[in-house]
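Before anything else, here's the structure in question.
Just so it is clear, A, B, C, D, E and F label the chains in written order, and each chain counts residues from 1 on its own.
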Amino acid sequence: MPGSSLSFGRTLVFAPHPDDEVLGAGGTIARLASEGEEVFVAVVTEGKPPAFDPAEVARTQAEAKEAHRALGVKETFWLRLPAAQLAEMAHVTVNAALLELVRRLAPQTVLLPFVGDMHMDHQLTFASALVACRPHQAEFPKLILAYETLSETNWNAPYLSPAFAPNVFVDISDYREAKLKAMQMFASQLREAPHERSIETLSALATLRGATVLRRAAEAFVLVRHVV
Amino acid sequence: MPGSSLSFGRTLVFAPHPDDEVLGAGGTIARLASEGEEVFVAVVTEGKPPAFDPAEVARTQAEAKEAHRALGVKETFWLRLPAAQLAEMAHVTVNAALLELVRRLAPQTVLLPFVGDMHMDHQLTFASALVACRPHQAEFPKLILAYETLSETNWNAPYLSPAFAPNVFVDISDYREAKLKAMQMFASQLREAPHERSIETLSALATLRGATVLRRAAEAFVLVRHVV
Amino acid sequence: MPGSSLSFGRTLVFAPHPDDEVLGAGGTIARLASEGEEVFVAVVTEGKPPAFDPAEVARTQAEAKEAHRALGVKETFWLRLPAAQLAEMAHVTVNAALLELVRRLAPQTVLLPFVGDMHMDHQLTFASALVACRPHQAEFPKLILAYETLSETNWNAPYLSPAFAPNVFVDISDYREAKLKAMQMFASQLREAPHERSIETLSALATLRGATVLRRAAEAFVLVRHVV
Amino acid sequence: MPGSSLSFGRTLVFAPHPDDEVLGAGGTIARLASEGEEVFVAVVTEGKPPAFDPAEVARTQAEAKEAHRALGVKETFWLRLPAAQLAEMAHVTVNAALLELVRRLAPQTVLLPFVGDMHMDHQLTFASALVACRPHQAEFPKLILAYETLSETNWNAPYLSPAFAPNVFVDISDYREAKLKAMQMFASQLREAPHERSIETLSALATLRGATVLRRAAEAFVLVRHVV
Amino acid sequence: MPGSSLSFGRTLVFAPHPDDEVLGAGGTIARLASEGEEVFVAVVTEGKPPAFDPAEVARTQAEAKEAHRALGVKETFWLRLPAAQLAEMAHVTVNAALLELVRRLAPQTVLLPFVGDMHMDHQLTFASALVACRPHQAEFPKLILAYETLSETNWNAPYLSPAFAPNVFVDISDYREAKLKAMQMFASQLREAPHERSIETLSALATLRGATVLRRAAEAFVLVRHVV
Amino acid sequence: MPGSSLSFGRTLVFAPHPDDEVLGAGGTIARLASEGEEVFVAVVTEGKPPAFDPAEVARTQAEAKEAHRALGVKETFWLRLPAAQLAEMAHVTVNAALLELVRRLAPQTVLLPFVGDMHMDHQLTFASALVACRPHQAEFPKLILAYETLSETNWNAPYLSPAFAPNVFVDISDYREAKLKAMQMFASQLREAPHERSIETLSALATLRGATVLRRAAEAFVLVRHVV
């Protein structure tokens, strides 16, 4: 029987900071990898001294590596732009870093942080990634989705910043546990409930996003562009 | 120490259909009642034969009475406009029914279904309630809030219908159980997970809305108007 | 090499009036049919006397049948609700008519007119179709897209009605001619340029929508919901 | 020296109820008339018994006639659709009434109530007028502006209904008094301050809208469409 | 009789430049102080030479001190970031300056300039204040409101920048004179009517905002977040 | 017979980079010049080495001069701010450069790139031009319009960045050829179809924008402000 189906193909996930990719798309990454797709993660920033303690930075990066391995990420790229300072970088520099990766990997699908997130690094990653994905080159990503990030997306100003109103739902019923486990590997970033960045909240979000489309768990996205 | 505080005063909750008031504001109702406020519920519609089975309608109304009693509702009003047919009613008739109640009760706070809900009865209840609450009479409600309703609010069209982007959060950490119990009394309306209108989803929503503001559970609203 | 791909599966196109389906999605219909998908069209309304001349109505329906055959439509359904009077119908009646068809065909993909179109029949077809596609039944459409209709979508009020800001582009480079031919079969509905509902304008739109994503021709849609 | 200038040409003002045209555009009407333009007013509705007292209706219409004469209106048309019941009319009937007038007068400019006003008669007058002004006939209005109405525009739901964010400002520095006098002729509709529909508020609004563009008084509009 | 009431508690007002706090919230400050609340003002920027004349800067600061004393401000903080150059500061620096103050004062209520104002200093003060008020620390402000600023808020691009659509109205009927007097103390910033930043316009705005909710004078705000 | 008419008066077009003014407003420039208006173009940026090759920059500027002459531009101003680096400039510097020109020329009409364009130079040109056009000086531009730019406007994020929903249409039926010829002079910027920045796409856009208002060709704009 003819059914609809979407395969993401080679997929690149941009994470402004390590853990964003798991909070927003960890279940999707696990599902794609399990279905045989190549999934890449690009961590855009890195905490620089003196604002950030190198030992802490190294610890978080180690957590990320462990989490990515567990999710089945094929390769992680560290762009090492300065964390919390993307707004101080020349935009062409950020654009170029992301564009170079998009050209090299030629992903069919790109996952982005949401432009309405509170953190400027998220907003600027979104903007530069859109430039890197412009549909005017022979190879450009055909599917671009923005994910939500607990402790960012819900803290911006309602009705004054762009609303995260999801229109794409990826069923992760079989990957909820993989996602939560990957997040638990980010011990340095996790908080105790009722903080938003807690396992309990992340699990509740998966339940809610799933229930909206009659699934036990889902991750929700806003579509930026899909070329079919 | 000087702290901010908000008391809702006498409160009227408009429910297009029985159970909307519990899904959207059950915890807030329980908290307000427990804090000594008078809370009224107005059920706007009633299923009419032949589209609705009178026995089913009676059953749901009995469930509502039980749930309202459990939550501490002071009185329930049954406006008995025809369910799923508000759009076929003369608008002045709907306006008049809601206005009469607002005039009689002179509530300080009014809770409404969300104008962006998928169901036209929700949209029209919102519109008529706004007319009933116009700030041009000596007594008018000073605080108007719109609640979200699982199995309605999330099923409309993202970015094409008004987004529910909550800006008011009522802490119901101590009233989550009361809310869920009240919903369980609506056996005729409850569904099994992963349906949105299930206890699991309702609980997940309370966790998520709470976590956004560092609370164990909350109900979220969109502010329509507040006169201080 | 892993590439992204989307197959629409069994597809149902709702047309408020005959020719909307061709103006908005004629190329996509032709492409899907050519790729082996089953495509159905449901014409929601029919002009009723005395407002509409039965001979004219019959002529337009005959044109539609010819155009659908040419595009490869598997079957056309005539819901025969009164044209230009959907707002005077009970909403439950419109909802029921569309729901019955969605249940019977169990389409994976549904194409809708845009809610921001000027014509109320378009707005109400959109609203009722969304009800018919609610994601709470075992079978529900996984992909819902809204198409644009020349002589409707661009004539509403900018910034005051929902904007048609397309995020899904279907390449119809190989189906532009099929689309334009199908539209030419609607001789009763076609107008001379520079009227929007002319072959010249329809062709220009295909060029523009295509160029946005580096294709020779495309049809553009707004995503309502996609469950993957 | 070449300066920019806009002449409105023959102008038609749609008023859902008598006094809307003065509240929203009384100064502009006075200025246009004084500059030699032909200005027409179409009062869309009329209160019908038993909801409205015929004596009251007659009184308000007499007030309107006096106000229009004072402002220099060339002719007033009374469409006599039932007040507060436009939503109960067949839309084609409302469309036809407005279209007939647009065809007969062939105005170059049309002024409309705002689609985001709280009153459904305003929303539906806007919608039907847009249909009547569709740019597909040889003669169609080249400039369409929506005006604001005190006691309607500000009482809808912020961020949930369309915002009145004015982008056209008509200098009425020399016509403020004419506007206020015309409004005073509507004794039956005027209220005492601090009601919004008072002379004090109307004057304050003229001051504010003027000051935004360095004028002593202005009326503000939202542009719907301008063809140059 | 149970009535609704809101007390703001300890309140902090962020002013990008001296006079913004009076233009947007002078009446509210006077009312809160008169009701016994502690109100603090933080002036975020200071004009730096050579762009600004130190004597002028000193004069304006002296005016601010006089105005604040008159309104009953408990203490004024001078953050002394460079005026008209917030966009050139590292964002973490602006964030840190505002966060330090929020932590020190632990206000229950924070008043902000509006993110849609034309001046980048206003936009960036809004953004950094939101970061400083993130609801993830034990103490965070429970009520966040954005005020409007004549000569900024109305000069941005309608429908392209966020609209100021007020949903919170603070009755300042008894504090209009206090507000206008405080503004008159800012002789260096005041302009003659019909400039927006004039006493006449400020008074007209108070009348208009009041009339919307049946008060003789009000200040209007957009709610950012309220935790109850 | 009284007709509506708009004359733009002395007109200034801001182009972030050479060719934007032709893509967005080339036909309007040609028409205005032909009707006797003085039209000026300000090219805001210039590619700087090493990012840009001076020979390439010189070539594009020569193309611009030729195109401007062909269109009838009275004078072209080269502001020579660094291309792709406006975000790295102090905002006051950009503001000052644009303000100086607005003061010197005192244009009645200003045409701007659209704030929702993907390129930051476009966004910042829009923002600074709005500052330069603030309506608080004796002479300020009475009409401000934003134009669309192929290969920028359609590549931003639908529903997340401001939508280009045109409400002003300038008939260029007699100037389409002049526009296309001027664009062909920009050989260094033109691309082959189906790239958006191609003659075919530009011509299709003119056809579409024209057909919306029953004209053979038009350029479409979003109104920012009009003072009449």
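Things to note:
One rule holds for everything that comes next: a residue touches a chain if its C-beta (ideal position, glycine included) is under 8 Å from a C-beta of that chain, and two chains touch if they have at least 3 such contacts.
Heads up on the chains, UniProt names are A, B, C, D, E, F = GlcNAc-PI de-N-acetylase.
Because the structure is predicted, anything quoted here is derived from the model rather than measured.
The fewest steps needed to get from subunit A to subunit C, moving only between touching chains, is 1. Counted by C-beta pairs in contact, the busier of D-E and B-E is B-E.
To fit its Cα atoms onto subunit E, subunit C must turn through 180 degrees, a value rounded to the nearest 5. Although subunit B and subunit C carry the same sequence, what matters here is overlap: shared residue numbers make up under half of all numbers found at their interface.
Remark: subunit A and subunit D have CA centroids separated by 50 Å (rounded to whole angstrom). For this pair, subunit C with subunit D, the centres built from the Cα atoms lie 36 Å apart. Each chain gets a centre from the mean of its Cα atoms; for subunit D and subunit F, those two points are 34 Å apart.
Those residues of subunit C in touch with two or more other chains are numbered 135-136, 155, 158-159, 165, 167, 195-196, 212, 214-215, 222, 224-225. On subunit F, the positions that touch subunit E within their shared complex are 90-92, 115-116, 126-127, 130-131, 134-136, 146, 162, 222, 224-225. The part of subunit F that touches subunit A in the complex is made up of residues 51, 84-85, 87-88, 118, 120, 151, 155-161, 191, 195-196. Chain contact summary for the complex, subunit F toward subunit C: residues 150, 154-155, 158-159, 163, 165-167, 193-196, 198, 200-201, 203-205, 207-208, 210-212, 214-216, 222.
Residues 1-10, 36-38, 108-109, 135-138, 140, 142-143, 167-171, 212-215, 223-228 of subunit F touch subunit D in their complex.
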